[in-house]
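Heads up, there are several structures right after this.
Shared between the two complexes below is chain A, which has chain B as its partner in the first and chain C in the second.
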Partner chain A sequence: MSWRSALGRVEGYGASKEGVGHWWTQRLTSVALIVLGCWFLVALLALPGLDYATVAAWVRGGWTAPILILFVGVAAWHSQLGVRVVIEDYVHDVGTRTLALALACFAHVLLAALGAFAVLRVAFGSAA
Partner chain B sequence: MSAPQTSGAPRRGRPLSPHISIYRMSRYSLLSSIGNRFAGLLLSLGLALLLAWLVCLASGARVYTTALSVLASVPLKILYALLALAFAYHLAAGVRHLIWDTGHGLSRQQSRRSAGWVFAIALLVTAVVLWRALLGGAGPR
Partner chain C sequence: MAQLASPKDSRVNPHGRVHRAAAAAAGLRTLRIYRFDPESPESPRLDTFELDAKSCPMVLDALILVKATLDSTLTFRRSCREGICGSCAMNINGLNRLACTTAMADLKGEIRIYPLPHMPVIKDLVTDLTQFYAQYASVEPWLKTRTPTPPDRERLQSKEDQERIDRPAACILCACCSTGCPSYWWNSERFLGPAALLAAYRWIVDTRDEDTGERLDQLEDSFRLYRCHTIMNCTDVCPKDLNPAKAIAEVKKMLASRRY
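Then we have the complex of A and B:
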């Protein structure tokens, strides 16, 4: 039986490791993007042309589609983390900043979802 | 250094993290730091462009071929070259950050030297990419 209050007992233990969440996610996504980003760049440069038939065949072939979806998703995630910091650093008005952060978040989720849908649509051949 | 008033709540003399005005940075390390942020923002723009490209591709051959006249226009080609530079720079500077995170290379002299390496590697990678894009198989023609 302790005489200490509930608040007294939990004080001083820090913030249950949540505080490094942004930093750690940024690092994880950056490591993934070293591989995915270089893959995308090399794959793009290796294409014999950028006409519809060539690019569509590339997206349909092999493991391109899942890796491309991963690339778009992780890049959007990493971008969101970065844009968030920039907004937090330079937009000082609370209302404007909250709005900007919300819009940036929506935009990135939309980007990832649309990107994944577009790749799947090409990969499964439902685009004419 | 008075922090900008960022919230409606009263400030109670809370400790602030060291701000820009406290550091005296050498030209190169300052440039390498802000350059990384700028490159990252440019790449976010590039991501939006990548999405536009994918959506056009998913819209079928006719839409894609029409869009290609815009996507392969000269102003956008210049933007692609800038994006290649931004990618190479963000990659090199990002790896530098990851090395810093392990606790290595943090001294002033090492940091100055690694800033030089980042610039050199970024330019080299960009040169290879542009050379491949212009003279090689494909690239944004």
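Then we have the complex of A and C:
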């Protein structure tokens, strides 16, 4: 039971002056994902086949690998921003929320690193 | 974590008391109304009232008839009975609305009446709106200026300027929007909710106000403002046909444009 006034509770610690960056980045990454996603689909459909050798040859050629790494990075970034919102929405215990936000952040960085590594491995690895 | 089920004591017993009509009548309607008495150890229940509603054009008329003739303990707020005070906001057939402007004829079959969702219930259909009003107060809904008032006239405003605040200023604070918003359900302690944000917008776009930057500062918060995920239930249920979702989107645009 607290005697703090209703207005005092609503004011809390004040405004964090944060949120607009997250909101803007979420929109920016979603627009980038539309472009990159379309490029990825069109490029794959334009290939003569979808077997490993054909796709690996495509990854090795031209600008494919850097753009693929960009795609993986932006997708992980966008996903991290979205998962953060879901955690903030539903996890109310401060300790659990902080832990969940940190784990989500680490998991997305790991996913992005693994994705980039996979692309590089195909691009520079052996044919098999 | 978010609480997905109601606490045991809050679960509604669907088999409450039944008040059957004495005789069949052409205008017979069935109302199923949420009942909760804080002084009783009983869990909340749904009572059934059958009544001849031909003299009740609106849901509020039916509630008043129930209270006058069937159960005088039924508790609900009402005042103006013409959609301007916002007192009789409640959840009718799954939508937040004003009982006084909801026509019985527009509701088919049985009518289910609950208090505004996700608010502490004081008794029956009366909810505790203390936090909702505090959120409204927190946006400081009054004119703030540094320029002194002209000594010989009021502060001037063009017709176009007035039109910008015309609609947002028509909010009656009935709480239909905020209590219909899932984001508000999950984070009502930190998210200001559509009603308070619409009020904030009303003063931000008021050309007579000189505190716009400070008002935007107070809203720039990942919970206060950015819990709005554009679900748009607020706009959907507003009994005054206002658009809090658009007002919130405009505030987000203003914050982005001053940053980038």
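The rule is simple: the second predicted complex is superposed on the first by the 106 of 128 C-alpha atoms of A that agree within 3 Å, B and C clash if a C-alpha of one lies under 4 Å from a C-alpha of the other, contacts with A are read in each partner's own complex, and residues count from 1 in each chain.
To be clear about the criterion, contacts are C-beta pairs under 8 Å (C-beta built on N, C-alpha and C of every residue); 3 or more make two chains touch, one makes a residue touch a chain.
As the structure is a computational prediction, the values presented were derived from the model and not from experiment.
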First (chain B), second (chain C), both or neither touched by A:Val86: first
Residues of chain A touched, compared between chain B and chain C (which is higher): B
Which of chain B and chain C A:Lys17 touches, first, second, both or neither: second
Partner chain(s) touched by A:Gly62 [first = chain B, second = chain C, both, neither]: neither
Touching partner for A:Leu7 - first (chain B), second (chain C), both, neither: second
First (chain B), second (chain C), both or neither touched by A:Gly95: neither
Touching both chain C and chain B, counted on chain A across the two superposed complexes: 92
Residues of chain A defined as touching chain B within the complex: 27, 30-31, 33-34, 37-38, 41, 44-56, 59, 72, 75-76, 79, 82-83, 86, 92, 94, 97, 111, 114-115, 117-119, 121-122, 127-128
Chain A - residues contacting chain C, complex: 5-7, 9-12, 15-24, 85, 88-93, 96
Chain A contact footprint on chain B (complex, rising order): 4-8, 37, 40-41, 43-44, 47-48, 50-51, 54-55, 57-62, 64-65, 68, 72, 84, 87, 91, 94-95, 97-98, 101, 129, 132-133, 136-141
Chain A partner contacts - residues on chain C that touch it in the complex: 1-2, 130-131, 133-135, 137-138, 183, 186-187, 189-190, 192, 217-227, 229, 252, 255-256, 259-260
